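The structures considered in this document are given below.
The same chain A turns up in both complexes below, where it pairs with chain B and then with chain C.
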Partner chain A sequence: MISLHNISKSFGTFAALHDIDLTVRDGEFLALLGPSGSGKTTLLRIIAGLAFPDEGQVRFNGEDVTDLPVAERKVGFVFQQYALFRHMSVLDNVGFGLSVRPRAQRPAKARIRARARELLDLVQLDGLGDRYPAQLSGGQQQRVALARALAVEPQLLLLDEPFGALDAKVRKELRRWLRQLHEQMGLTSIFVTHDQEEALELADRVVVLDRGVIEQIGTPEEVYMAPRSGFVSGFVGDCNSLPVTVSGGRAEFDGQPLDVAVERLRDGPARLDFRPHDAAVSANGHGLPLHVSGVYRRGGCWRVEGAVNGSGQIIEIDLDADQPAPRLGSQIAFSITRARVFAEEGTQ
Partner chain B sequence: MEIALSSQLQMQAAVAPPRKRHRRSRKSIVPGFGLTMGFTVAWLSLIVLIPLSALFLRAAGLGWSEFLAVGFSERAIAAYRISFATAFAAAALNGVFGLLTAWVFVRYEFPGKRVLNAMVDLPFALPTAVAGIALTALYSPNGWIGRFLEPLGIKVAYTPVGITIALIFIGLPFIVRSVEPVLADVRVDVEDAALSLGARPLQVFVRVILPAILPALLTGFALALARGIGEYGSVIFIAGNMPFKSEIAPLLIVTELEQYEYGAATAIATVLLLASFAMLLLINGIQVWTRKRMDP
Partner chain C sequence: MTPRLPHQSRGLQLTLILCALVFIGFFLLLPLVAVFAEALAKGFGTYTAALVDPDALSAIELTLLVAAISVPLNVVFGLCAAWAIAKFDFRGKSVLCTLIDLPFSVSPVVAGLVYVLLFGAQGWFGPWLIDHGVRIIFAVPGIILATILVTFPFVARELIPLMEEQGRTDEEAALALGASGFRTFLRVTLPNIKWGLLYGVLLCNARAMGEFGAVSVVSGHLRGLTNTMPLHVEILYNEYNFAAAFAVASLLALLALVTLVLKTSLEWKFGYSHGSTR
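Let's look at the complex of A and B:
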């Protein structure tokens, strides 16, 4: 079990992390999700021992490892750009962790090579051991980096934007495969990503970070369906925002009352968030008017873009593709079936 | 039918090895090869090849036995030995300390970094004689540094040690400027990766960083060595120029010239040139070998 207590870190005057508390369970697959500059990579590096917090504690299984350097934490770290050793063959890359052990614990050379071959089999790169990193594709390099990290038998696997530099198809395959590997090896894994889709698909739990603060921790379902802040709502999943006015527990948009429950919000301006699939065309013509400016197919839906009520506010809604697509330039009326209202930034 | 047949013929033609390679297939996508290559050859001939072949011709005019007699006289051999030994020692020491200097410039930020960085190039700009006189003043037995070394029994000026010091001064920028950009290219995350795999700092340096910068380090070493072998101006002041003890080969050439012994001078120069060329070729070979391992 990994636990972080009151972790803070600044670079000069920039506060990268502020008062972070986090517990990672054994065997968990955890995503650190946030935009660039949110502190997610810094947090990962602090867990690894590649960076050290200004304040707070890092504990592995209750033991304080805050001041322990990376070499002594028994973690596997996979870097964003793979960071392979270019002058070594793939096999030597994978065996590196074993070959730098103190002589007493170092396996024989033949044993190291055999172990490296096993790991290459595991990451499905058997037969490529004699190549050099420059001769491999991005996806293959990524798997070499993973095999190299696994060679030291880490209790914890840390991945920094592991799929960032790969094309979409390879990325999807690798994701699924990584998830399997995680289960199969009984690892505890933490990965950093700015791609919410990746976090929702892969992780057991998602930690959403913004400007050095944890905004929400929860399962992908919780984070998507019940975002706890306006930031999480806007960052995780496609989201439309409309400026509304709250009065007496009801939200109004452009003078029109909306059928949305508002809890614990003072009267005044607020922000209403809803997902494209939480909208429906109203048959009777009542509802919010949408001036259709774009329509394209998105899987089983029409993704319809347009301005609401001439306010210039562009939103997107998904309509059933079994129905004919709305014509460009036409006006349709829609109602919002599920939404959340958040106080405007800074007024909560 | 005819169409089918002709396509079959075409297939055969495609399968059969081409008897004569077509000119067009060899055309490079980068244009201007002929022109640039022409200029390169003409320029190299004018600047390097013709003067050097004149040297060889002149030396050849000596005849084989006379060439051996003057090119490998005892005094000449002693001079070669001193020249190569001091140049090699200076390049090697520069390899270590120049690498350290480059490391500091690449990895750390500190006040005065730009000024210090500009100072590295000074040996390039300074007239070498000025450097030689300054170093001699410092290291002579009553100089600022020499007076402290004298009681310890260390003689610098007028010995091969002094020559080496002059050559270190001359060669430093070659190492620093060759290594710096390559070192800056070694990503910090590669070091982090090695550390995360349990490597100790020394292992990170020896097994990860050094192999990555070795080709550049060798380039710097070769340049410093070549410069050291040919260096004249800064050495003659500090060397003392005693035959068999502190006389370098370039000085011997000048000495011969001053005595109108043009044949002897060219013979010595030819030996020096061939030996330097062989060494540079060897270093180049090592470089190609290390680079091939990195960018196959």
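Let's look at the complex of A and C:
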């Protein structure tokens, strides 16, 4: 079990992380999700021992490892650009962790090579051991980096944007494969990503970070369906925002009351968030008017773009693709079936 | 429009190339030919005689000794400085960078005079050193000190941009895999910078062997004792012994040519390995 207590870190005057508390369970696959500058990579590096917090504690299984350097934490780290050793063959890269052990604990050369071959088999790169990193594709390099990290038998695997540099198809395959590997090897894994889709698909739990603060920790379902802040709802998944006015526990848009429950908010201006699929066309013409300015197919739905009312606010809604697509320039009426209302940024 | 541009500039291109060639021919090639022509003007016998002269041999020996001491020291220093600057963030980093460049911007004569000021008979530490029987100025230690000062930017300057470009992740990866700092240096950092390092050593060596100004100030020109090759050339020349002067000078010119060939082949290799692995 890994636990972080009150972690803070700044670079000069820039506060990269502020008062982070986090517990990672054994065997968990955890995503650190956030935009660039949110502090997610810094947090991962602090867990690894590649960076050190200004304040707070890092504990592995209750033991304080805050001041322990990376070499002594026994973690596997996969770097964003893989950081493979260019001048070494793939086999030597994978065997590196074993070959640099102190002499007493170092396996024999032949044993190291055999172990490296096993790992290459595991990451499905058997037969490529004599190649050099430059001769491999991005996806293959990624697997080598993973095999290299696993060679030292870490309990904890840390991955920095593991799929960032790969094309979409390879990424999808590798994701599934990594998830399998994680379960097969009984690892605890933490990965950093800015891609919400990746986080929702892979992780057991998602930690959403913004500007050095944890906005929400939860399962993908919780984070997507019950975002705790406007930032989370806007960052995780497609989301429309409308400026509304709260009065007497109800939200109004442009003077029109909406059928959305509002909790814990004072009367006044607020922000209403809803997902494109949480909207439906109203048959009777009642509801919010949408001036259709764009329609395209998105899987089994029509993704319809347009301005609501005279506000000029552009939103997107998904309509059933079994129905004919709305014509461009036409006006349709829709209702919001599920939404959340948040205080305006900066007020609470 | 665009295809015309290369056409239009072809004339300009040729003119520029011609200018460069004429310039190089007049200022570099011609003197180089002159050195060898003059050295061999009185026949091969005179040429070899000038080289095996005891004073010449002693100058060659001293030059090799100076290079053998100052180059390794500057390699160590250059590695330390480049490592510190490229891999760590600390206060005063840019000041250190500027200081490393100082020997490039200061006249070598000044570099020599500094040591006279410090260690000369009237210098700060001079009297104390003389009392204890240590001779630095007008002796070999002074020559070595002056050479180190003049040549210390070469290795560091070569490595700093290279190491900055390569970043820290390779080292971090090695450390994360449990390697010690020293092992990381030997197995990851050094192989990554070896061509750049060799290049720096080559330039450093060429300068160490060819340095005149700074060495001239501290040497005292004692024949057979504190004369390096460039100083020996000057003495012979001042004695109107042109054939001998040019014979020794031709060795220095040869050193320059060898350095140039090695440097070019390294550049080729350097650029090549960069292109193929990045």
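In the analysis below, the second predicted complex is superposed on the first by the 348 of 348 C-alpha atoms of A that agree within 3 Å, B and C clash if a C-alpha of one lies under 4 Å from a C-alpha of the other, contacts with A are read in each partner's own complex, and residues count from 1 in each chain.
The working rule: a residue touches a chain if its C-beta (ideal position, glycine included) is under 8 Å from a C-beta of that chain, and two chains touch if they have at least 3 such contacts.
The structure displayed is predicted, hence computed values, not measured ones.
After superposition on chain A, the partners chain B and chain C are seen to clash. By the touch criterion stated above, A:L50 is placed in contact with chain B and with chain C alike.
Judged by the touch definition given at the top, the superposed model places A:H87 against both chain B and chain C. After overlaying the two complexes on the shared chain, residue contacts for A:L33 are found with neither chain B nor chain C.
By the touch criterion stated above, A:R101 is placed in contact with chain B and with chain C alike. Of the two partner chains placed by the overlay, neither chain B nor chain C lies in contact with A:I190. In the superposed model, A:V208 makes contact with neither chain B nor chain C.
48, 50, 69-71, 75-77, 79, 81, 83-87, 96-97, 100-101, 132, 134, 148-149, 151-152 are the residues of chain A that lie in the contact sets of both chain B and chain C, per the superposition on chain A.
Of all residues in chain B, only 187, 189-190, 192-200, 203, 207-208, 211-212, 290, 293-296 touch chain A in the complex they form. If you check the complex, the residues on chain A that touch chain C are 48, 50, 69-71, 74-77, 79, 81, 83-87, 96-97, 100-101, 132-134, 148-149, 151-152. Residues 48-50, 69-71, 75-77, 79-81, 83-88, 96-97, 100-101, 131-132, 134-135, 145, 148-149, 151-152 of chain A are the ones that touch chain B when the two sit in their complex. Remark: chain C residues 169-170, 172-180, 183, 187-188, 191-192, 276-278 touch chain A in the complex.
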